[in-house]
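Next come two complexes, and both contain chain A; in the first it sits with chain B, in the second with chain C.
Presenting the complex of A and B:
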């Protein structure tokens, strides 16, 4: 599994994201441009220029027509994937830390930072997935986080709920239409911010990563914690792999906390855990700074990680990955195969 | 479950409800108002005096003063002896001392002291007379104290019985703010017995026989134990820093660097006499203080200039092996030996030893050959003073006889090392040449149990000996030497590890000590013998560059080199392990396991612990955030007789067969349990997924949404991109490396 090293950024990566088919990879970094890559060979498709500050987040609609990005220049921008054309800019009072399309790409949520007297908010925009259409200026919905600011957020199945992870380690469930708070549950250690929130494919459950050195698998409907994955380092990102029942965690000691840290100390590795058994099954080394973001290929063939070191590493899984099964899993597969045979 | 002194804390003081207009300051007023009337604390009342006339009075007063002035300062004018109408004294007197402390001392020491054959003095504080002596204050009739009904106490040694029947050892772990006690489960997760947050404030400590777990708080020390881990005793020594037990757990010494200050309203356990003291010696059984001591200042050097304060010696009070005596060094002058349980100075004098630098009790009660009386031994050493040589002595207590002494010359320092059974005493003597330029070290070994206590000089070592350790219950030892000067250096010095053992000798005699082997160019700086002897770990601790743990066997059962055939050891390095950043190493009391840990007290890198077996094979590794302390629970000495132990050793093969079988069964059953648990998890997961998927599909259908929200969109897009339905073929050339050869061309 020789990774492809994408060195198109000059500063720390902030997010990497696959499109639905897993053939394109988008990456954002603090160096003010978004890159699009071919996932299978690492060739760069192009960049999206225009942001005036560090870019925190990117998302692509399900048909890979448009992408949305959020930046420290207090804007959310919409781009055409194919041409790199800037389609729309929305201005906000503070930086945008996270954007995400809902399942059919008609709605976009953005998480804005709490700063300069402004409370953190989650805004919802109506999107027309058409590069030629006029996009509306109106915010459909604004959720104000009065307690603790949201750091990450996402759309659940059917766009029914908006789930947000907060700085204090709690997770909230809002109604997707009205924006009313339904639940707020403390899942991570109090005061350890949630750093990432990623969905499984049908958006019925999600994984959160936190600075409290753990990641948790939570249901969208009841916010019930299903699984907990304990690491030995603060986590920045977590992803759920399709096809195989694994999760990938990325993190590492924050650069500012490192004084005399050797690579051995920093724990800059992607960690694979078994999703159901909560056991660590492997690690992938390579980055020489903390991993800021990990993403799983939706087709299940590989994953990508972006690090504080400015590199994106794209990995294609090899045979061993697909062949590995716990004894009880193999048992089940055999049983299913036998049933199928009849 | 917070171990607090509820009674001492001013909790629940609701500040918000405080009405500041009605602040009652009368107590402060009382406290700080100038007292016009002197307190009566300096007065004592003496009863039991003979009846005297006015003429006889001065004589009596003079006689009395002699006695009274032994404990404090008073004078003729300060004694008031009332006279009755019949011209004779009323057989009592008031005496004023110059301080309340003296008055207290008078009561303590002079009460019940005889004046002459007929008269016995009764001395009481005036305030006490006032308090109790008035009519009605004390009930006239005697009411017997109610005796609390007997309550069964928990067995304090229940920890010896491992419920799993495997004879596992316990240990305590202090990490973060939580203290927990666990059973050691070798490779598996230790089994938790009790886990309490904020159980201690600074550290925890086991008592020497493992009965009590000590927690240390700002208010004092608490002991915990029994099956339910209830509080057994508390010793309220405010701001206590360190704690030491007597070897048999009868007494406890606590020390605080802050002198005790008794508040006006009193202290629940200590009295006014303990004010200003640093050490308190407690009786563990009763929980009462026996005696307290102030810290000693380091005496000024002979040339008048104040010496630098020596490294604070701890334990300051050293106990004899049977808890009968405790002694303290008075640096440079004497050793004070106190007799328990009363804590009185033995023979009422200290043992004068000019210049004495250090002393140490024999760790076990030793029977010297030809000595029938009971004795406890301690050794001490004094440096060269003037033309007198330096001296190492062995003193027998209670007789205070120096039973053996050895004169030494050109000594710059000496260290005393007892073997665990008190059979040997090794004095490591650092000598300097006449010019004081070069140093050498000799090891002088006293054979305590042999007739006349012969002394053997083992070796002259050119290098500086930085560590020395006897084999417990054995007669071999390990030293670590370095050629470089000791002290704080950036790069820790290279060291050599040397092993010594006795030569083979006829019969039961122990032969001369001989050098066995030296291993050079090591980084090691610490020696940890197995408590049962034979195995030793030589480690590098507190070192950022290296952290080796070398596991040695001194009775290796394999081939023995020809050169060692006359020696009683066969050295073999069994394993070398590496625990990055290790700060501490400890053997479990059975000598089966070794725990090593990196404590957050020393550094913040990779805190956590490892467990090894005695052969150096790593069993377990657990990184734990803010891991601070680990301590194996000690075990009391075995109750089996020598014969029974021998019998067990003989049938070891039989036992080990049973144990191995048990182990195998347990592991396989554990495996089965794990597999079953996984099967259950897998089942649960897929069942749950099925339910959820069904639910979502239903909901989707209800809302009239397509089953796959994206499918339609994609179709639409495809239609847009390729309106005629024609498909584009994109070709891509893949390159694959089949083989790679590297050729070096000259």
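Presenting the complex of A and C:
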């Protein structure tokens, strides 16, 4: 496969995100604009200008009408996808590290940083998916994380729960309506922050990536750890691929540690693991720095990764990717084919 | 590319104004083979005139997409891309080098073979007890792993000068420098031996000396097949798939046209084992592939 290199940012990437149809790709970096790209050829649709600080996160609503972004300038901003127009700004006391729309795009959650005497919080905003509508100023819900600040969060299926990953390596489940804490489970090593949380397509389970060099597949309802993927480097991001049963992990030594570690160069590769068998099945190299974020194309045809090197690499999978099956998978397919023939 | 005459940096502001004025208009030329050559001129950051020549072949590729996706494709660009023309802008989008990614269960093992990590040493230790004997240098390793695989022929053919000189063990230990083993006349070990005589040993005409030309000169052509009459739509992957059935393929080279990217009609397939190559040659000669009948034969050594 020939990756497409997108160099629309001058600084390290913080998040890449596909829209629901997989034709648009949004990227944020520590410079001050968001880029929108056409995923099939890497053409830049435009940039969203207005933030005054590093942008940590972006999310697009399911209809690709609006996007929300969270930034170190202590704001969440809402933009019209088509024109790049700023629709609304919400101010917070601290930086916003993660935003995510719920399944129908009517609610937006934001994770705010713990700093300057303010505790880390998860806020919920009501959104009208219409560029012309007046957005409300009010926060519907504010969850304060007293023990350990949340680093990432997301909406489960039917917006039933808010799942948050914390700095101490635990995962919490909050009620999506009231904000009550239901469970808090230690899944990753104590003290190693959870760096990413991404859902499967129907949002019944999710994958977390952590600095403890592992990624875990966890159910949304019971917070049961289904699978563990062990890597040899701290992880910054993890994604679940549709169509094929794989997960993609991204990480690498932090840039500041590279010179102090003796490990052979890099580890700046995207790692592919089989989702069920938990085995590593391949790597894709290319970045010159740690991978900060990976995203799987919802159509299952490719993936994108953003690195500390400032590049986004968009990959379209080859035939070999789709053909690969474990022996048991192949047997099952053969059996099904035989039954279908009868 | 014509560099402009030296000017003072203080004049920079004025110069900006006269850019774009004296640029020749872009040219489009239709080539006979259906491709188009586009010649454009622009000024770069240093105010130098840059001529860009691109040769493009348009291939219409139809795809049915969601109407909403189709609608989005017609959107007008905005922000920093507002001034970009249709299609990907060269300053933000480029295409990376080809990456071969095929998932495999043995991924980890394969990678270890390549990098010489401690496990390779452990493997060697294990093999010591197993009495593995290399056909090339009599060392205790598999022939395929012999450090002299590319430079020496198997012992039966090459009269085994090294072994006769009583240095077979040294060679087996994997010492570097193919010339070290067979100094002519078996005289002083340290004396200089011209490259042309290295490896020739005492036996006259046994094996060619070391050649210049890096790895290409030393490639083992014994297990390389030449495949001709290949369809111009062929891909290296397809060839690899076809030939991997017969054994481990170490290299697939498909000649492609530099401009159009279409195959030129011939390819080279190298096998790890000559036996596999013989099998593949017999089976694949006359094989129908993409409406053409493949012709497979052993590659002749480059003169």
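In this section, the second predicted complex is superposed on the first by the 332 of 342 C-alpha atoms of A that agree within 3 Å, B and C clash if a C-alpha of one lies under 4 Å from a C-alpha of the other, contacts with A are read in each partner's own complex, and residues count from 1 in each chain.
Heads up, the rule we're going with is that a contact is a pair of C-beta atoms (placed from the backbone, for glycine too) under 8 Å apart; a residue touches a chain by one contact, two chains touch by 3 or more.
Because the structure is a prediction, the values reported are computed rather than measured.
By the touch criterion defined above, A:103 reaches chain B but does not reach chain C. In the superposition on chain A, A:321 makes contact with chain C only, while chain B stays out of contact range. Contacts of A:31 after superposition on the shared chain: neither chain B nor chain C is touched. Once the two complexes are laid over each other on the shared chain, residue contacts for A:147 go to neither chain B nor chain C. Residue contacts after overlaying the shared chain place A:313 against chain C, while chain B stays out of touching range. Between chain B and chain C, more residues of chain A are touched by C.
With both structures placed on the common chain, the touch criterion links A:232 to chain B but leaves chain C unconnected.
In the superposition on chain A, A:23 makes contact with chain C only, while chain B stays out of contact range.
Overlap of the chain B and chain C contact sets on chain A: residues 41, 264, 326.
Looking at the complex, you find that chain C touches chain A at residues 65-66, 68-69, 72-73, 75, 77-82, 84, 87-89, 91-99, 101-105, 107-108, 115, 237. Interface of chain A with chain C (complex): residues 1-8, 21, 23-24, 33, 37-38, 41-49, 64, 82-84, 246, 264, 272, 274, 279-286, 313, 315, 317-321, 324, 326.
By the touch rule above, chain B contacts chain A in their complex via residues 580, 605-606, 623, 625, 675, 678-679, 681-682, 685-686, 688, 692-693, 696, 699-700, 703, 705, 709-710, 713-714, 717, 732. By the touch criterion given at the top, residues 20, 41, 62-63, 65, 103-105, 129, 157-158, 160, 202, 204-205, 213, 219, 221, 226, 232, 245, 264-265, 276-277, 326-329, 331-332 of chain A touch chain B in their complex.
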